[in-house]
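Shared between the two complexes below is subunit A, which has subunit B as its partner in the first and subunit C in the second.
Moving on to the complex of A and B:
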């Protein structure tokens, strides 16, 4: 059993350690995200000043939502795995095919590190600053904290499954970011990063409820602040689980199609 | 020897041909640009649907701000990719080759890439601008038309100045500081909404330190023909875009200064 899991955990931890080396990029991202969050918060404050009608979310909740979003921005599947992209372009992806491991699981592990490691580095200091100075609130209750952590783990799996799918599509487009150019802004939007999803019109909520993207940002964030009560946490986790199964199955199928028709670049 | 303009046209044609080698990627990239700015605008629509107005500003007015800023920025974004690469050029020693050529470095860098896929942002901004113009009752006197054109041109120059600054910093750091993105993309993010809605420190920074408000806010208030909640005079609103141009000229001087400071990394 151990030798079966070993290659996947090994690639995950190796990649993790490698990405942690890039501290300058982390600091840059950190400052950018603080600026970004501050702008969004000021704009939302202005909108809330414009009306006295009750809203589906309190301003304090919106502020917390924005800062959580900035802290966990890196978890979003906004680009394919850069190493896989380089491999597809140079043709070394052929070596990946001869490794004695399951390729999908292998790529899933490496993409998971690709998503978690940079986020890990910037999210904690950013959250601390936001909690201390920028009006982000602490979790609503110890219970909310536990469910939020569970849902965030679900979000990581969802996001990784999407990242792998984006990476696989590179085998068709070869150059650049491929389909991710098109898909990531939509995911970003539907996950709740542009504006908090509860602020969308009521008719849109039903559609957003079905789609998987709510599970990446919106649902975990609202568990954190108690906007989704802890009693409904299981529904959130179940929704994530179903979509993880679907996306993993689709990714594995797509990869098997891609490797069957793969034309290796260069030499 | 070709004159600068002919040389630049040649640069553009080479760049376009190379981008057309990966046609699918180009199309996806352009559509992706359209999407990523498009979702931002849908977010604005959703917020207005929820809140009715933004302090005293209507949706059409905000759309007009949004349109002008995005059109101006898209133009710069097509020209300025080269300045993003200065850090890399300095580090690898490639920059020495640029110095050897009997043409200005700024021209060579602007000519490095004509990023056609930014047409996505341009198209989206222009569409929103057109919609806002049809919806608003703007008194199109010759002076207002002239101010609109000047604002877009000075806006593009101002943003180019920002990108040149980012490149200039690389002479000292031998790295392109992503940190500066907080000024460019953060600035764009902020100028989707009228500057008047932000906190005083923020408005001061983006008027007196980085004169972004001079191209993205004050002249537009004059075009819309309404009084400025910040209490500036009409004369100032008309003169403001010149500060954007001034900033551009200043950044060219600083670039020269950086050039003089430049020492090859020798690698």
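Moving on to the complex of A and C:
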């Protein structure tokens, strides 16, 4: 068992360590995300001041939701894995296929590090700042904290499965820029990073409940603040699990198609 | 009759490439209607390799060398044909085949760009699931052969091309593969690095019996390393023989190089043709079927004042270039 998972954990930890070297990127991202978070909070405050109708979420919850989103922004699957992109462009991807490993699992491990490592670096200082100064609340209860952690783990897997699919499309498109252009606004919007999902109208809720994107930010955040009660946590985790299975199966199928029609760039 | 280690039988591989007309109008046209061109990268390629062979695989750019290597490594799936390495079909048993072969694509590195060399090696140990005792032994041996230890802590992006190639070769061999595919391993290297790489490949083949398929444009690589040479062009094997046989088949000509005592002289003889002259040195050409070498030499030395004289085969570049010409590969 240990020897079976070894290649995958090894590549994950190597990638993780590599990304941790990029401190300048982390600091830049940190500053941007604080600025952007402040703007979003101000917009929401203005919105709440201008309405007297009861909203499905208290303003304090919305503020916490926004700061959690800013801290965990890196988890959003909005672009292909940059390392795989570079390999496809240069043709180095050929080496990926001469490794005695399952390519899908291998890329999943790489992409998981690609999603976690930058987030890991930025989220902790950002969350501390937001908790101390910007009105972010602590978890609703110890129970809520535990379920939030579990759902965040689910969100990582979900996000990674989507990232791998985006990376596999590179085998057709090579550049991946078009994919990022198309996908990133959709993901931002549907995950709740523009407007918190509970503020969407009822008819939209029914669609959002089915789509996988709710499981990446919205549902874990609301578990954290107790907006989804702990008794319903299993439903969130189950929804994530179903989508993880579907997306992993689809990704693995897509990759097997991609490798069969592969044209390695360059001689 | 030993079983061949590598069997390639009538492999065909075509690529469909989207054509684009030049300019803006062409780009717009391409959006509306794609036109495809089919390229036959491999057109019924067949050969067999026995364990421990070191084969040179040469041909002009785009002839199908790399495609062959990619089919053998399980990266590309051919349209038709049979191919086995140690009884495994590369693209069907990709993972088992990958554990048994080593591959180096000279123009690309398999090392992690941002990591120190040693960390790349350690990562490969984990990816290939090499036992740590065996890994340490293999790594130390390779390091000793190519003087890698001073490079261990250098990030790959800071290595010179020659250093990188030595590390890449080691990286392809840590898991002790029985077959090694080298796709232009000497490309862009300086003379010293080339010699080091050649020497290493030779030892690897001789001392450990690793089967090596070497693609290259550098004919010195072939001269120095390979007994057997396969020439490919337009996706077909044009020639598969020893270097000497290839030579005699393409041209029987020999070179006669003469250093004259008196630079003013011109050598005239019915059996030789003049090629070039630089200072006191004259390059001539003759056909050993028409005139015996010994007879020619004694005739010329009797007639002219000569300081030194030697007979050579035409350089391998010329042989190959003639072969390409014969098959209209230009």
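Simple rule for what comes next: the second predicted complex is superposed on the first by the 264 of 267 C-alpha atoms of A that agree within 3 Å, B and C clash if a C-alpha of one lies under 4 Å from a C-alpha of the other, contacts with A are read in each partner's own complex, and residues count from 1 in each chain.
Keep this in mind: contacts are C-beta pairs under 8 Å (C-beta built on N, C-alpha and C of every residue); 3 or more make two chains touch, one makes a residue touch a chain.
In this text, all values refer to a predicted model and were calculated from it rather than measured experimentally.
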Subunit B and subunit C placed together on subunit A: clash or fit? fit
**OP:** Please indicate which partner A:11 is in contact with in the superposed arrangement: first for subunit B, second for subunit C, both, or neither.
**Re:** second
Discussion item. According to the stated criteria, A:35 is in contact with first (subunit B), second (subunit C), both, or neither; which is it?
Written reply: first
Could you look at A:91 and tell me whether it touches subunit B, subunit C, both or neither (first, second, both, neither)?
second
Of subunit B and subunit C, the partner touching more residues of subunit A is B
Does the superposition put A:179 against subunit B (first), subunit C (second), both, or neither? first
With subunit A at the vertex, the Cα centres of subunit B and subunit C span an angle in degrees (to nearest 10) of 90
Notebook entry, point to check: Looking at the overlay, what does A:51 touch: subunit B (first), subunit C (second), both, or neither?
Noted result: first
In the overlay, subunit B and subunit C get no closer at Cα level (Å) than 6
Subunit B and subunit C footprints on subunit A meet at residues none
Subunit A partner, complex, touching residues on subunit C are 15, 61-62, 66, 70, 73-77, 94-96, 98-99, 101, 103, 105, 107-110, 112, 114-115, 119, 123, 126-129
Touching subunit A in the complex, subunit B uses residues 22, 24-25, 28-29, 31-33, 35-36, 38-40, 42-43, 46-47, 49-55, 175, 177-179, 181-182, 185-186, 189-190, 192-193, 197-199, 202
Seen from subunit A, its contact residues with subunit C in the complex are 3, 6-7, 9-11, 14, 18, 21, 90-92, 94-95, 97-102, 260, 262-264, 266-267
Residue positions on subunit A within touch of subunit B in the complex are 24-25, 27-29, 31-32, 34-36, 38-40, 42-43, 46-51, 55, 173-182, 184-186, 188-189, 194-195, 199-201, 204
